[in-house]
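Next up: the structures, one after another.
In the two complexes below, chain A is the common chain; its partner is chain B in one and chain C in the other.
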Partner chain A sequence: MKLWRIALRNVARNKRRSLLSGTAIAVATLSVVLLFSLIAGMLGDTVAIALTYDTGHVQVRHPEFGRYEHLSPVHLAVSDAETVQARLEALPVVASVLPRVRFGGAIYREDQNHAVYGIGVDFGREIAAAAQRLPHLAPDAGAPPALDDFARMWRLDLFGGVLPDPGARELLMSKTLADELGVTTGDKLTILTRTAVMSTQAWTFRISGLVGFPVGGLSRMVLLPIGVAQRFLQLDATGAVTDLVLYTARDDQVPDLVAAVSDAVGDRLQVRSWTEENAMYRLLQLATRIYDIISLVFFLLATTVIVNTTMMVVYERMREIGTIAALGMTGAQITRLFFLEALFIGVAAALVGVGLGIAVVLPLSQVGIDYTEAMEGVELNMSNIIYPQLSLRSTALVLCYSIAVTAAASFWPTRRAARLHPVTALRAT
Partner chain B sequence: MISVDNVTKVYRSGSTEVAALRGVSLQVEDGSFLAIAGPSGSGKTTLLNLIGCLDTASSGEVIIGGVRVSDSNRKQLALFRRHHLGFIFQSFNLIPVLTAYENVSFALSLLIRDRTRVRDRTMAILADVGLADMADRRPGELSGGQQQRVAIARALVKGPDIVLADEPTANVDSETGEGLLELMRELNRRHSTTFLFSTHDGMVMDYADRLVTLQDGRITGDETRPAESQSAAAAGSG
Partner chain C sequence: MRPCARRLLVAAGAVVLALAAAVPALALTGDEIIRRMERHERHDSMQSTGSMEITDRFGTRTKSFMSTALGDDRSLLEFTNPEEAGQKVLRLEDEIYLYFPDSEDVIHLQGAALRDSVLGSDFSYEDMTGSSSRLNDYEVVLEGTEEIDGHETYRLRLTAKRRDVVYPVQVAWVDSERFVTRRVELFSRRGRALKRMAVTEFREVGDKVIGTRLEMSDFMKKESMTVFTIDDIAIDEPVDESLFSLEELTF
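Then we have the complex of A and B:
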């Protein structure tokens, strides 16, 4: 008769109690799996947003741009961008280089000023570069740039229209902004901006399409062809862009990319990677640490249930402990018997918790959790829909962790069982 | 050979002290069938616990088969019990989640790893106590007498030197008790295992070949019975 078989039968002995203490462990495990996958989803989302809209893997820009970023300092630009771009494209570690022109402006309408942020992009290049990174979203090879391909890769919701004509004064506008302005596809409006040479410029653009941006912080955004943006901001004379966004083949090559790009551009330009100065990313990393503490508290709560159950078990079976001690079981063997019992409950419950966690997270990672209402008016660089991510590593870690916590928690009361004096144990009723 | 030499046992609980044994000396020959009688609280269980290596004496010595067990630590005592001693309890103390067979084989498997040997010896001893056909029942599905038979099998399966039985017949009716005594007497003869009982039960005393009387922690009587008087007593009460 193996000890573990006796322990297993002891688990079944008081089913309701075993179930109760198992439930505590399972719930703790489940909650932690959910928390971790949610935060992984948020981190992944932040990374995706940063990769697409902000820095790419690495961003090259004027060293002073960051300092005056809130003023949209288009004069702090990367001049002769095509040369720089060609030099960077020649680096083996570089997968793609995308020129961008970021600017701020105002739309005056019905006695009110409305702030607007614009990015001039090369729609064709953007689609091609994103197709490299996200092959599963890639459009058919050779297809002309189309709005729905672009939207898929930039995670935009579509509200009709087409991509702006590369040479025309046309733009894609955030649906939120369009609603605020009371305009729609086909309407025209005038944007006022300050150019690279510090003069004021007002151009009238036609809205070629409306899109929903994934992040509240992007709700005042317009996207227009980069050539048009360069002329609008008077960057065309120097062939300047505000920044170049670079991608490498894999996320883990980013340090190599940073090194190679820094080498190539010298200290004339700033090279920053996507994790650097990304406030949201930092915030989420901090949140991860807070979640670590929360999960610790969850496990501690579950632990009290385990300790309590094991203590009750030991107390109830005093005379049995006396009997097996009389049969010649040593203290270590008695500890093992009760420890195995607690461990069985712990392992089963942890597996159930992780299993349930996977069962809940897997569909959610497809459907997403809609935060739109909660995020109303909050301008964070995080999507309104979060897709929880199940990480094999962290799930396995949670499983091991919860089993280890169970084991540690039950060890102390089982030691007590072994330390009981056999005569005292036998006298118990 | 059990040798108890001027043993005392004092229980302390807080400020009160209870002297359960006050200088007990006793020699028990191998193969004895010895009963310890005496009023409640006289120290019978305490004495059995000391000989059974479940407890240690406050002073004096207990030597079993040449081993001075009064000097041993807890683990040594556990191992000594495992190899040399068997226990029968007043309220049977079977493990409720194990079948009759498993209760017996479990005790043996602490000593022997060979599974076929464990199985054969368990089945043999269960047959000896007349429970071969109830091997798969759990204690809850057995009568008190049957449970005590399983306990006897459990105590004897490993072929111990000494079996200690604290009031083994107190929780069964007298007819069943007598059956148990017959069984133990027979096993005692067959394997020349030493049996030590504590009892209030006159019938147990009748079966014993030696009767030690305790009173207030001291031995007040020690009577060896001639073989024919025992069988006569057994026949008379049977």
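Then we have the complex of A and C:
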């Protein structure tokens, strides 16, 4: 009889023991698949946030802006932005360039001071640039910019209204902030800010629409037409913007984009890629390394179960080992037999673990895991809903890894079985 | 009398005279010093023009203003430099209203918002517009005398009587000759230094001595100082009361 058949029969014969070993491996595999999918989802979310709201692939700014960003230093802006923008758009590696004006301000309402963060954007350009990156979400060609298109491209929830009129003192407001202020679409409010000439300025704006940002850190956001923002902040005289956000066609072209843009703008402006600017992404990359170690610990724990049960098998089956050895089975064959038993359990359990992992992750990747309550009051650059992402590569790796660990873990006890002398084994009670 | 004994008598007499001269000064209580100081600082009305030179990590900028005050609780500040031209700050008792020419609303400040900075300077709205008597808000203790910038001063510790007072503790150095403030340090309830103000120039207006150059540093801001200068000042002259109304503010 072939060894693998005997091994299979033994696995089936000791169902409870096989199930115990298999469950440990399956649970470890399932946990690691879930963990990796969640991390992949968080990384994907961070990338989407950076590309949409923050830096794009590459961000061009005044060299000092980042250092004082918490003070909203709009006077540290990119002057004559249109000329710089035209020069950058001419670079072959550049897919699109978006001018933006970021500022901070305060809204005094009901005797309370509410902090507000604003971005002046060109809504039409934003939709067009996002459509290049996300063609499946793109609006009909030639359609005028509309709020639902913008909300779709910017992953915003829509609570009614229209895009601000490009020349009017109108803005889109975060629904969270609007609720805090007790205002809604059509209402007016006054924002106080410090301008590029370091003066204090207050303008009254009409709320043209309400949107929900997926990120807690953006809950105090207002979006207004870039020309209006420039006039509000007295940047219009120099045609300045605080950010130029650049995109390239593919993520792997970012190093080329950084090099080309750096050459084009020289030392007078700071050029940073989104991975350099994004602390959350770097943190998650570090977390991925840590989770690799945690996965290893999971498997080590599972390994102790495998070693334990295989040892139990060897001790419980001493007479059997003695019998098959007396019948002529060599030590190497006995080793192979027990190794195959462990391997079959390992393969089956790893497949079950991966299968269960896929079964859990696939629906979660559609509905997401809602952290809204947990994230309340936390201003992190992470979405309130995380959609786990199943990676074929990491799932296959987990499968191979769990089988390899199982096989390696069973090697030592099976070697012990092979070393037993038939007479000693037969005497064992 | 022997010459030695006579010398001793003369010396003793000199000591007695010196002590006698010092007694009136030391006999003053903290409250009395504050009363004499506030005789120079509190007016029935005041009109002035001046400027604020604000220096921070981003450089120096100057804001000019016109100010009118009536009694302790009504004042109107209007900025006249081109960047903030027409912006006004109206104080009516404990409430402050900000008027911006480009805004449809008047911004109403009260409570903690009174501590917000005026135009990014080291002065808060409370610093710029409040002028009620310190004796209403603080217990005053005379801690001794010290020399500040070559002038003999009384060192006073003012501790707030109530929790809603903006600066819970103040230490003030008051010129012992002219009874004007030379320096004030402002502290939180836990003793953390918040601000320091030094008065470096004075002008006599009638029988009052007015500080016309004040240097204020807010320790909560890095590398920051504001120099407040009064160019012209008129005290206790008639002022149109209608200036201090919301209707007039937005007119």
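By definition in this document, the second predicted complex is superposed on the first by the 426 of 429 C-alpha atoms of A that agree within 3 Å, B and C clash if a C-alpha of one lies under 4 Å from a C-alpha of the other, contacts with A are read in each partner's own complex, and residues count from 1 in each chain.
Just so we're on the same page, contacts are C-beta pairs under 8 Å (C-beta built on N, C-alpha and C of every residue); 3 or more make two chains touch, one makes a residue touch a chain.
None of these values were measured; they are calculated from a predicted model.
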{"item": "Clash-or-fit label for the pair chain B, chain C on chain A", "value": "fit"}
{"item": "Chain B versus chain C as contact partner of A:319, first or second or both or neither", "value": "first"}
{"item": "Touching partner for A:108 - first (chain B), second (chain C), both, neither", "value": "second"}
{"item": "Which superposed partner A:13 touches (first chain B, second chain C, both, neither)", "value": "first"}
{"item": "Partner chain(s) touched by A:327 [first = chain B, second = chain C, both, neither]", "value": "first"}
{"item": "First, second, both or neither for A:426, with chain B first and chain C second", "value": "first"}
{"item": "Angular separation of chain B and chain C about chain A, which is computed from CA centres of the superposed model and rounded to the nearest 10 °", "value": "140"}
{"item": "Touched partner set for A:202, first chain B, second chain C, both or neither", "value": "second"}
{"item": "Least C-alpha distance (whole Å) that remains between chain C and chain B when both complexes are overlaid", "value": "77"}
{"item": "Interfacial residue positions of chain C with respect to chain A in the complex", "value": "57-59, 61, 83-84, 87, 98, 100, 102-105, 107-113, 116, 119-120"}
{"item": "Contacting residues of chain A [partner chain B, same complex]", "value": "1, 6, 9-10, 12-13, 319-320, 322-331, 421-423, 426"}
{"item": "Of all residues in chain B, those that touch chain A in their complex", "value": "49, 52, 54-55, 74-75, 78-83, 85, 87, 89, 93, 95-98, 102, 105-107, 109-111, 154"}
{"item": "Complex contact set, residues of chain A against chain C", "value": "68, 73, 75, 108, 111-113, 188-190, 192, 194-195, 197-204, 234"}
